[in-house]
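Following this line, the structures themselves.
Same chain, two partners: chain A is paired with chain B first, then with chain C.
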Partner chain A sequence: MARLEIRDVNKSYGVQHVLRDAGLQFIEGELVTLLGPSGCGKTTLLRIIAGLETADSGAVLLDGTDITPMPPNKRNMGMVFQAYSLFPNMSAADNVAFGLHVRGAEKGGRQHRVGELLDMVGLSAFAQKYPHQLSGGQQQRVALARALAIRPDLLLLDEPLSALDARVRVQLRDEIRRIHEETGVTTIFVTHDQEEALSISDRVAVMNRGQIDQFDSPHAIYQRPATPFVAGFIGVSSCLSATVVEAGMVRVEAETFAAPAARGLAAGTAVSIYLRPEDVRLRATAGAPQPTAGRRGTVRTHTFMGALTRVTVRLANGSDIFADLATPEAGDFPAGAEIAVDWNADRAQVLPAAREG
Partner chain B sequence: MTDLTSAGGALRRRPKQRAGLAGALPVFFIGLFFIYVLAFLGGPALSILFQAFRSSTGHFTTQYVDQLFGHYYAKTYATTAALSAVTALIGVVAGLLTAYQIQRQSTPGWLRNAVNSFSGVAANFAGIPLAFAFISTLGTQGMLTLWLKAAGIDIYGAGFSLFSFWGLVLTYLYFQIPLMVIIITPALQGMRREWREAAMGLGGNGWHYWRHVGIPILTPSVLASFILLFGNAFASYATPYALTSGLVPLVPIEIGNLMSGNVIADPQLGNALSLGMIVVMGAAMTLYTLLQRWTGRWQKR
Partner chain C sequence: MAEAIAFPPGADVAPPAPPAPAGRGRRRPNVMSVIWIIIVATFFLLPLLGTAVFSLWAGGDRYNLTNYAALVKTPEVWASLWLSVQLAVYTVVISLTLLIPTVLFVRLRAPWLRPVLEVISVMPFVIPPIALIQGLTGLYSVPDAPLAMPIWFVSRPEFMVIGYVILSLPYSYRALDVGISALDVSTLTQAALSLGASWAQIFTRVIIPNLRTAILGATLLTFAIVLGEFVFANILLFNTFAVYINYIGQVNGTEAAALSLFSFFVTWLGMLGILAGGGRGQVRTGGVG
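After this line comes the complex of A and B, so read on.
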């Protein structure tokens, strides 16, 4: 286990600024995911940690030691790439043994460690198979075993599931989590898949345009996004433009609503209200009293998702708002129906609109 | 489907017709290719086999094949094989290093394009034009020869001759190296950056990577390239003929002489020499196949 710190790392390729003052501190033994869209700099940051790229400025510290100038083969970090990284001329066992071999481990110990690792990833029976004889998921398991064989201080996973089909991806994701718990090695996992990130990680660093927008637990990232980008990137949100009228109160169009999340903001501040679809409720308007925090709208579409159905409601101001309802309940709100929209004010996230974009 | 209306039937038959045509086209073109190969490779090879063992009176004889083991023709084969092997070996090494350098990320794109384009042209630049180019550059009165002489370096005085074995080696390399660049480039492009990075991350250095990963992966392609270059040199006729006029004994030139009646016409002996060429290339191919199986045992089979 090791403690990693990234300090104000910058990296540019020509005029393209890929990383801007990126800084993170990792706790020993945790599994952290770098999450963001393509081109946000997450893989570049991982490669700088691995020593495969050089930072223009900033530092990488491992257990307090500055390893920024250290070549990759001196860092003792195991890395798993997206795909096709196994040496095609070596069997699964030889691939796993490679790191031990080049480090001069004696043959007996090497064989024992290889057996142990292949057993851990469930591929003992495939030890003598070549990469082309293994499925994509099996290849990535071998790559994982190879990375762990050297007992790395840090395990780096660069979108290791992205080339796999959905079913295998979920299986291997769970396996990575299990192996992480077994080995306790500090792990950095890069992905653009938020479901993967939220399900596997102790903490998630959401990256946007080369910066760390938020670094927190998956729960906090989902429930309390720190920036409009995080709110829009993680999960599904409905966004309403509003203005703070007083502490904890906002106005959307002509209506004023309670919004506890707006308490720290000055009156007159332009804000965006982010609502998760599971926090939105729909009610039939006929004969019902006016809700305390709601608007009238028209049901536009239904998206069937199995147990839940996502109902899209067009509000009077033209904004769309999403509500996830139990599928049988969604049938009560057919397309075209006039309904009242309500939401859980405590769970609505309010962010200054000026920071958006 | 028997109760289909005629219109409906016509509509439903179209995909079948298209499928039939789609199936027939590959058969047609592959068939043409096989006919071509049989007519101009298989047929002549069989003809050579029969003619090599047939006397001028039409009877079976081994006298022509026996002559191949005589001193002169054995030396001719040895010289041709040595020339082919030397130029193939130098071509493989120099071409591989050149191709590797131009594939590196740090190499400017314009230089990569220039080398690739030049290789495409130079690999096919052979025969009389190539011989003339070398004579006018490195012949006894060649431009470079005279410049060097003016600078105090008399290459002919030092024992070099463009019209000797090593002169031929130098000339052959002009097309052998570019040919190697062309044929090895796809293999080098197939070398994944992740292999090197994985090797480094696991504690290896450049030597470890090349020793355990890079060289073993490239070996089958390099062996195949060597055989191709060997065959390319072994069968060269116009370039050595124009350069040496037979001063260096080479099998293709001897065959040409015997077939065309230059000095002496003896088509049966020419056929026997051709059969010897086939045997040499066959042996090289067999050796290649065995080595390829051994070095590429990890490849898909």
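After this line comes the complex of A and C, so read on.
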């Protein structure tokens, strides 16, 4: 296990600034995911940690030691790549043994460690198979075993699941979490898949245009997004434009709502209210008191998701709002129905109405 | 320590290979394809057959192995063949020593140089061998020239190896480039680096073994070119195998035919050896499923 610190790392390719003052501190033994859209700099940051890229400025510190100038083969970091990276001329066992072999480990210890690792990834029976005889998921498991065989200070996973089909991806994702818990090695996982990130990480660093927008637990990232980008990128949110009128109160159109998250913001501040679909409730208007204009809407579409159905409602002011309802309940709100919308004010996230990005 | 954990059976295990098609189920070859293959085979095989028949001709209506027996007993045949083989070995060693690191460097560190390398590699196609050897001789053997080499070297057959390396460049480069293109060299190199391997270990344990077939291909092509090269040796008055075949052709047509066929089979045997040996060790990429 090791403690890693990224300090103000910058990287440019020509005029393209890929990383801007990126800084992170990792706790020993945690699994951190670098999450962001394509081109946000997450893989570049991982490769700088691995020593495969050099930063223009900033530092990478491992257990307090600056390893920025250290070549990749001296860093003792295991890495699994997005592309299948097993050596085609070697069997699965030889691949796993490679790192130990080049370190001069004696044969007995090497074989024991290889057996142990292949056992851990469930591929003992495939030890003598060559990469072309293994499926994509099996190849990535061998790559994982190979990276762990050297007892790395850090395990770096660069989108290792992205080339796999959905079923294998979910399965291997859970295996990575299990193996991380077994080994306790500090792990950095890069992905653009938020479901992957939220499901296996101790903490998630959401990256946007080369910067770390938020670095927090998956729950906090989901429930308390720190920036409009994070709110828009993680999960599904409905966004309403509003203005703070007084402490804990915001105005949407001509109506004032309670929004505890707006406490501390000055009156008159333009904000966006982000509502998760599971926090939105729908109510039939027939036979009930007429809702105010700000809460009145028309059901537009239903998106069936199995146990839940996502209902899209067009509000009177023209904005769309999403509500996740139990599928049988969603049938009570057919498309075109006039309904009233309500939401859990305590869980509404209020952020300054800055443009995304 | 790690604990053995059973995986869900059949989770992402490679599916069994599909059954081989039954004989009756195979598609029958198209008649036009068969005719076309026969025409092409005839075009290539007929001259060989004619040469073979002529090489067995012993005058009148007699056909036997006299010409082959005479060749075996001629020391000049073996001397010229040995010289050509030596030159071919030197050429192969120098070509591979120069090209493998160059192609790897361009692939890993300077991909923008690849078009330049491509152009250089096809230059021998547009420069006739006679111009090439005249140029090389002028460059290296003129006394007091900036690149003049010692007279003992330029007067030896080994001097021609410089030209042979250039002459075989289109084939040796192409074979290596195709082999490297089939590998994700960059990822393999980075994976090996992250595991602690030095560049020497990456080169000897990862790159070279995975390029074995490409290296064998480049070797064979270079070998064949040097064995058959005539212009350089003829101009510089060295008695290589090709020069000797030409000489025999002028004094004894049937022996020349036998010698040509013999050299043809030497090359073919080499190719078959590579197909058999290289094929067994063929490194395959990709996966199943």
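Here, the second predicted complex is superposed on the first by the 348 of 357 C-alpha atoms of A that agree within 3 Å, B and C clash if a C-alpha of one lies under 4 Å from a C-alpha of the other, contacts with A are read in each partner's own complex, and residues count from 1 in each chain.
What we mean here is this: a residue touches a chain if its C-beta (ideal position, glycine included) is under 8 Å from a C-beta of that chain, and two chains touch if they have at least 3 such contacts.
Here the structure is a predicted model, which is why all the values come from computation and not from measurement.
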item: Room on chain A for both chain B and chain C (clash or fit); value: clash
item: Partner chain in contact with A:P88 - chain B first, chain C second, else both or neither; value: both
item: Chain B versus chain C as contact partner of A:P218, first or second or both or neither; value: neither
item: Between chain B and chain C, more extensive residue contact with chain A; value: C
item: Which of chain B and chain C A:M77 touches, first, second, both or neither; value: both
item: First, second, both or neither for A:I150, with chain B first and chain C second; value: both
item: Touching partner for A:R178 - first (chain B), second (chain C), both, neither; value: second
item: Chain B versus chain C as contact partner of A:G99, first or second or both or neither; value: both
item: Residues of chain A at both interfaces, chain B in one complex, chain C in the other; value: 50-52, 71-73, 75-79, 81, 84-85, 87-89, 98-99, 102-103, 130, 132, 143, 146-147, 150
item: Chain A to chain B touching residues, read off their complex; value: 50-52, 71-73, 75-79, 81-82, 84-91, 98-99, 101-103, 130, 132, 143, 146-147, 150
item: For the chain C and chain A complex, residues of the former touching the latter; value: 1-8, 11-14, 183-184, 187-188, 190-198, 201, 205-206, 209-210, 212, 283-289
item: Touch list for chain B against partner chain A, complex; value: 192, 194-195, 197-205, 208, 212-213, 216-217, 298-300
item: Complex interface listing, chain A residues touching chain C; value: 50-52, 71-79, 81, 83-85, 87-89, 98-99, 102-103, 116-117, 119-120, 122, 124, 130-139, 143, 146-147, 150, 156, 164, 167-168, 171-172, 178, 182-183
